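The structure appears right after this line, and notes come after that.
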Amino acid sequence: MDIENLDAMLQKAFDESSKIYQSRGFQRRIGFGRKPALISVDLANAWTRPGNPFTCDMQKMDKEIIPGMQRLLEACRKNGHVVVHVTTAYQNTDRNDPHNDMGMWHHKIPVEAVSLADEDLWAIDSRIAPIQGEWVMMKKRASAFSGTPLAGYLRGCGVDTVLVTGVTATACVRTTICDGLADGFRTIAVKECIGDRVPGAVAWNLYDIDAKFADVETVDTCVNYLNNVEGFNDRRS
Amino acid sequence: MDIENLDAMLQKAFDESSKIYQSRGFQRRIGFGRKPALISVDLANAWTRPGNPFTCDMQKMDKEIIPGMQRLLEACRKNGHVVVHVTTAYQNTDRNDPHNDMGMWHHKIPVEAVSLADEDLWAIDSRIAPIQGEWVMMKKRASAFSGTPLAGYLRGCGVDTVLVTGVTATACVRTTICDGLADGFRTIAVKECIGDRVPGAVAWNLYDIDAKFADVETVDTCVNYLNNVEGFNDRRS
Amino acid sequence: MDIENLDAMLQKAFDESSKIYQSRGFQRRIGFGRKPALISVDLANAWTRPGNPFTCDMQKMDKEIIPGMQRLLEACRKNGHVVVHVTTAYQNTDRNDPHNDMGMWHHKIPVEAVSLADEDLWAIDSRIAPIQGEWVMMKKRASAFSGTPLAGYLRGCGVDTVLVTGVTATACVRTTICDGLADGFRTIAVKECIGDRVPGAVAWNLYDIDAKFADVETVDTCVNYLNNVEGFNDRRS
Amino acid sequence: MDIENLDAMLQKAFDESSKIYQSRGFQRRIGFGRKPALISVDLANAWTRPGNPFTCDMQKMDKEIIPGMQRLLEACRKNGHVVVHVTTAYQNTDRNDPHNDMGMWHHKIPVEAVSLADEDLWAIDSRIAPIQGEWVMMKKRASAFSGTPLAGYLRGCGVDTVLVTGVTATACVRTTICDGLADGFRTIAVKECIGDRVPGAVAWNLYDIDAKFADVETVDTCVNYLNNVEGFNDRRS
């Protein structure tokens, strides 16, 4: 038994779990709604480029996440859909200052690596750069909804569906999805556009998410939906 | 390669991940603070007893979670610590009524199985029944902090540390922990007192939680802390 | 100068203020949206009937608020609009117990007067009793949105406009309106259906609300809107 | 009866109201706690200097608010207390763009007057400029707690008491105080350091606040407390 077999073993666990979930009424489809927004989480240089503690799996980033995001952004912009680019940075990254704005999170992970003073770290990756009218929202916690005006903003825009992309599956993406559902939105996790930095993390977290918190859908399906919202076959259960 | 080897395979994945996390500055210890609260999530009959879609792994429930909770409750009560028993139920479980109070969650999981009208379903398990002065808090979403006054209540009590127990690791426990950290509390996941209903879910979710959101600690350590808060060696990083 | 002249004096202050507000671009109209909900705040017996510390101005209650609410409810029910009846009560009203669920509010006002154990206190007034499918939502704080799943519930229902009624203008109604706006809803304060218990409080608070947080509209206008949402002349600015 | 008599008339209304409030158990004292923070709301140039739609009563600003704030800041800095400078600005102030980040508030007030691009507008007034380690927190809504990580930040700092100053009494100060109480903090409104721009607004709103949401205390009392937290006679009711 070797780590190369991890994916196969996870699939066995997922198959076993799905039997239980389906017999109990979990793993339902939430479906796509009538007014989507794309919520792109932490696709900023500290996460998308090499050399930072937050740097993610670069192969997935360059080969899948960024190209997928480019397709999603094109579809959103062509159709006038809401796009929010979420990033994370801190004004005071001195861990010895008990009043720093990192809250409690620096007691678990190296958030001191993202200083507000170094804009290059938290700027959105230039390959998917925001355009005029797309909100770049700064957060301090894992979830894009936690301690931010995001839910109210989306409701004000009339949005009923959030397509979530970015990093990491384990933390900021998963918490954003869980909060999005709780805040009243149809939640879609875009399969190829969600990354992480440790083995198995994307697979396991997307499995949990799909079972309980959001539909995991491909970029193809999402682009098709974004181009054809009115006519889309929403499978509301 | 067989499902019986799942735990061993997961351990390999965790070992691999921990190398990356530790070289990057993740997996820090948040430590125990000076005023704890025990937050027990969904240890109500629909989850702790057989026969409901939400029923969890009964062996773990009866052999580990309930006995562990009894020890934690005894230590809390002896020392006057805050205890909150969290449960979940809905007034209107008609899935065809677009105005039911299940929000969006019934589009993913069978929350219609917990009706407010059937108190036996959402009552806290009698083996760990609340006593006078312990708040039984009703929630509607996964996290005990989402759409509830819990954070404000705990701040009002002066609590700085939450010990989280209950079910499930995948959903209500994990989201409660993530929100607890974001809301400014030291977060402790009590290892033996967190359950689920599908294979590997407890192991994987506790691993993610320990890496980024809370310290996973044993019942023994937590009971020791609850009995000795002032003298406890808090390892604040 | 006598207290009987209070209303006339307040009107002078409002006239003076309105000159400033209008020259600066305040007092805009938010307008009615496309999917309303009626949010009725604390029209429960402790507030609507004599004999409780929370009892409000009974003349206004019996002559204006309750009859107005009956007309609003009739229009909502006829048209299938969302109605939420909000009430307030506490499990532990012992002010000497530092872990009671009253948070900090009993340090300012007599919330110990509304015990969860005495259902008659927090039950919605029978003259405007909830019907099947209308959610009775329990809150612990002033605002109907604070520490409750209300915003997520309304978003899940597709609601974009909240018509707020109830008591008191100074506290629970005003905070509900401020939060409703922040959470992304068009906010309407129903003029005749908002009460209080001290002189001038309704007039002053409705003035502030109309200047900055919601449109103050009559029952007639609101009933007309509720009966004719699609055709209503929304004045979105 | 003339507008010059407004204050005297308001005092009559307050006296009448206080009789009712006191006989009912309102107007209690919440008292000062053991770890304070100063929350200064919107004392940025758009509010503190002439020429903006948000400009407040300049006489009160220059003669009372700024000098009072200087004394409070000095006491906080000498004693290492937490200070948060709150300000407000928007990335996209195009009212015709339905996806602008102003949410719904531009439908009521001229928030388009505070563009993020013009730092001079939202920069904290230089007379009370932040020093190293003091967090400058950007908000989008009225309350400093709404859509921000403030509550979690304060809990992480161990704060139990918030002293609130700034503008305006009607909007951002009052909502901040109401939310601060709901979020579990002892709330103190600093009498001389709260302003507005229309007649009577400060008096009326401070009266409502003191009756139900916070203790209104003088700068002298607050400075004394900040210099002597441990020994302060807290009057917790």
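Note that the chains take the letters A, B, C and D in the order they are written out, and that residue 1 is the start of every chain.
Convention: a residue touches a chain if its C-beta (ideal position, glycine included) is under 8 Å from a C-beta of that chain, and two chains touch if they have at least 3 such contacts.
Everything quoted here is computed from the prediction, not taken from an experiment.
Q: Of the chain pairs A-B and A-C, which one is connected by the greater count of C-beta contacts?
A: A-B
Q: I'd like to know which pair from C-D, B-D or A-D copies the B-C interface, where a copy means over half of the contact pairs are the same by residue number.
A: Comparing each option in C-D, B-D or A-D with B-C, the repeat is A-D.
Q: Would you mind pulling out the distance in Å between where the CA atoms of subunit A average out and where those of subunit B do?
A: Centres of subunit A and subunit B (C-alpha means) sit 24 Å apart.
Q: Compute the distance, rounded to whole Å, between the mean C-alpha positions of subunit A and subunit C.
A: 37
Q: At least two partner chains per residue is the criterion; list those residues in subunit D.
A: 103-104, 141, 146-147, 149, 152-153, 156-158, 182, 184-185, in rising order.
Q: In their complex, what parts of subunit B are in touch with subunit D?
A: So the residues of subunit B in touch with subunit D come to 149, 151-158, 160, 182-185.
Q: In the complex, go through subunit C and note every residue touching subunit B.
A: 82, 91-92, 94, 97-101, 103-104, 133, 135-141, 146-150, 152-153, 156-158
Q: Show me the residue ranges of subunit C that touch subunit D in the complex, using the header's touch definition.
A: Subunit C reaches subunit D through residues 1-3, 5-6, 8-9, 12-13, 16-17, 20-21, 24-31, 53-54, 103-110, 113, 141-143, 146-147, 170-171, 175, 178-179, 181-182, 184-187, 197-201, 204-205, 208, 211-214, 236-237.
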